[in-house]
């Protein structure tokens, strides 16, 4: 199907791919924020995941190892944030920012000598006949495993948060940490685990940028995707299902530009490069103005807990 | 003493110290099976620390506990719950954005699946005359209903000992009756109840035994039905108390007039004000009673100017001031004292001097072209500390370093010393010891004697009876018509407060 | 086991000593990092912290110190006011860029007119540019309750796109033979931000930075506006009770920070940088966040913090050229400083204890 010079199936397929880093990072951050922690270091954890994933994949000549390394290193990196905010009671906003600034520096240091290398290819999952279904085939069934994994994680996050006891405890801690503590739950320990999960997801999202989306290593290559992921969590009112919707929306916007250019539309490059950010702002405004208060925000979001009584 | 076969929990020599404070010292007593045991004491007597030790939230420094003869030393609340000890908190440990069933599940060790749990909640809550809808969000429930959630959460685990911390402070008289009926029913079925309160009449009506704490020590054990309330009060306080001196009744012209004040609540899950109206003369004290969460906070915000109102809805000596903010209202002669000391009435991390400037800068002339007059502010602060007997190392300590009672005295002094025409106070003596409370009430009466019009919002009926000239009740955001206190019977007050939350039906249904 | 106990009163000693401790810890951890990278840590630390001040060519490096410190201090003072009030403007980089673009545009519009008023006009335009860019998150925050952290940051990327556009098209030097980048202000005396003492590096931006820091200090500690800023950050409900209008506070804090970032931008464009190019923005707006915290959000502390951070920049580039240290290692070094600072910060408000947690205040 071709509309206005654009192949819609290809466009939607590239949208699904383009959305993966945002989706993974935003899902992780959703869990983190549901537990009452605001980690603004998503961008930093992503870039760490991007560089470590890239190095691991190139060194071990194995893309899957790259994703695992990205997730592990993202989690390890988020441990800095967890230690500072949960143990040392540091301000979450400042610590998150520091994590981002630090991550960009560390990644650029670690990535020296890896510029211009091609990483091992992350191939499409062989889905046999499904690939050949007209329209749906190219759109849905020719992707790599991370795309399907990220979709599975949407469901898994939703299920854990809303249908399991662990999820109930996470939500309770984010809603009222004093009460959760009074009931005997270890608030800071639960939050620490959520932060690690968020780090792993962001790290994996970052690895997807350097291993599949680009695919190579350049300094500061996540280029604000982590911040957009943060915005999407707000946009999604902290719900995994809506995170998927938001990620596709932004994934679509990001692939639309190049596709339009390829189709011969003359759009100045500056407008294309600022479009995702401007649209993020517009969406944030619409989301926040619609209901007066940001309904659905965990009540303890961004507040540290110290068991003083 | 030999351990009777019906002994449930025995405390022996429990001691717990905090830096600078000994919360409990050598506390020993015994709770028998099926007994309703009162733990009586003033704020600060060490009741909360004691029950936290029993519930596993705090560990004792010394002493030991036995539960049915076996050593009992819970390291965590979960362990206490597993051994059959459950607790209903004074400030509910509930989650507003979660449902009743989810809240109950969080308090249980191994909750059944949500559907089964919801059915159990319905079943148990009806059996005890405390009907609850498991699917509703806590945020939409009244204070009384929230307490039911806490109680049901405990009952579902078949506790041997149920600890209730000040359970009636959020209930209407009718709700209190229902609660007592439930508790008696439980005790009859063999559950022991540790009932913490400082309300003597309730204890006399409900409890079999009472342990009285003062300054962390057990000062007496008695059977409440055999003692008069006065006897127990003196044991609790350790001295006889002065009743504030009434001033002669002189009424001036109208100082404050509120008409048709309807405002949405800025607080999540708060109560909107609906057509609130009253008028107040110079020298008059209006007492506003009501169960917590019926619009008290909103009324204070509306009067202090934090919540903007239509200009004409609030008039100060005839002048419309509804459109003015807090600063403008202070300038026109109205000061207010909110309930929450840490974070609303005062900035906990700022010094007392800064906190004095916080509200007194305008009326006391503590600013010069926007610059803070530091010497003069300090002078005013020291004056408040002196006149209100605030125990503090000095005016430069952070507000949070003061005990609740001392900070409250400071904050009351800060407002009352400004010579305002109208003073609005929410919970003037909440969490303050009896001596300080009576001093604060006297100062309020003194201000009224000098011609100030005073609005006192309080959940302590005795306090209102003591100082108010006229009395009104705030219920679901509506204010009843004010009536003179003189000649008002307890029954009439009960009727003014009651009827809310469909408690009557619940009672009959139960 | 170690545990934390909240202090009744913040410790005055740690309030002042934590930044020093953080710097020491950073030197230790940074030294380890440099050792890992194969350099002698002592040489590197000396190259960064000592050589620019007293080594060979120190006079050149001292000038560089002021050049780097001035924008950092200007921006950090503005940010600190907002951070104190709990308003998180992290888009100073964008405000810096927009200040430079608007200021430079005004200056270049007069080219080649010579008039003493042109430079002051440019400075005012620069401040306006930063202010206006900061008003976007401010208005969105007050009108629609939109998160200012995300909006101000998103606007950095937008500003960078505009910067690219400016240097490639509307500000491109017509006599530049097609190369991107604006006309250089060193060729336009009336619009030039000169050193006050030749080659000292002490240009108008440094004067402004010092003046603004002192003024902000007085405002913060002696004036009602400063009181309201502190109050809003520490106890938002008490601030409402005092009569602080959240709307006005947001507008003031974001506007103030934006104007100062804009000033930093135009001083940089008309002075040390000399022109608007695509690579004009070098991250002062982000580093200033570290400076603000390092200075404990106190304007006078920020002067020292700004100089220290400038030293790591100057010394870092020295280490880069002399010791072949990767440029990113300095960025890592700066990040470490912020982490250590945040980590040791709790010593001001908490006490470390051995044994079981002892908790203040008997619950009653």
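Letters A, B and C name the chains as they come in the text, with residue numbers starting at 1 for each one.
To be clear about the criterion, contacts are C-beta pairs under 8 Å (C-beta built on N, C-alpha and C of every residue); 3 or more make two chains touch, one makes a residue touch a chain.
Owing to the predicted nature of the structure, the values given are computational and were not obtained by experimental measurement.
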For this session: Just say which it is for the chain contacts: an open line, a closed ring, a star, complete, or other.
Result: complete
Exercise. So which has more C-beta pairs touching, A-C or A-B?
Worked result: A-C
Exercise. So how far apart, in whole Å, are chain B and chain C when each is placed at the average of its C-alpha atoms?
Worked result: 47
Problem set entry | Centroid spacing, where centroids are CA-atom means, of chain A and chain B in whole angstrom | 45
Problem set entry | Inter-chain centre distance, chain A versus chain C - centres from mean C-alpha coordinates, in Å | 28
Exercise. Considering chain A alone, which of its residues make contact with at least two other chains?
Worked result: 293
Seminar exercise, completed: Going by residue number, chain C touches two or more other chains at 359-361, 363
Problem set entry | Touch list for chain C against partner chain A, complex | 4, 6, 83, 88, 90, 136, 140, 143-147, 149-151, 153-155, 157-158, 161-162, 164-165, 286, 289-290, 293, 326-336, 338-339, 342-343, 345-346, 349-350, 357, 359-361, 363
Problem set entry | Interface residues, chain A side, partner chain C - complex | 40, 80, 83-84, 88-91, 93-95, 97-98, 101-106, 108-109, 112, 219, 223-224, 227, 230-231, 234, 268, 270-271, 273-274, 277-278, 280-281, 284-285, 288-289, 292-294, 306-309
Exercise. Which chain C residues qualify as touching chain B in the complex?
Worked result: 5, 8-10, 222-225, 227, 230-231, 234-235, 237-243, 245, 356, 358-364
Problem set entry | Residue ranges of chain B in contact with chain A within the complex | 56-57, 76-78, 81, 89, 92-98, 102, 105-107, 111, 268
Exercise. Which of the residues in chain A end up touching chain B in this complex?
Worked result: 165, 168-169, 171-172, 175-176, 178-180, 182-185, 293, 298-299
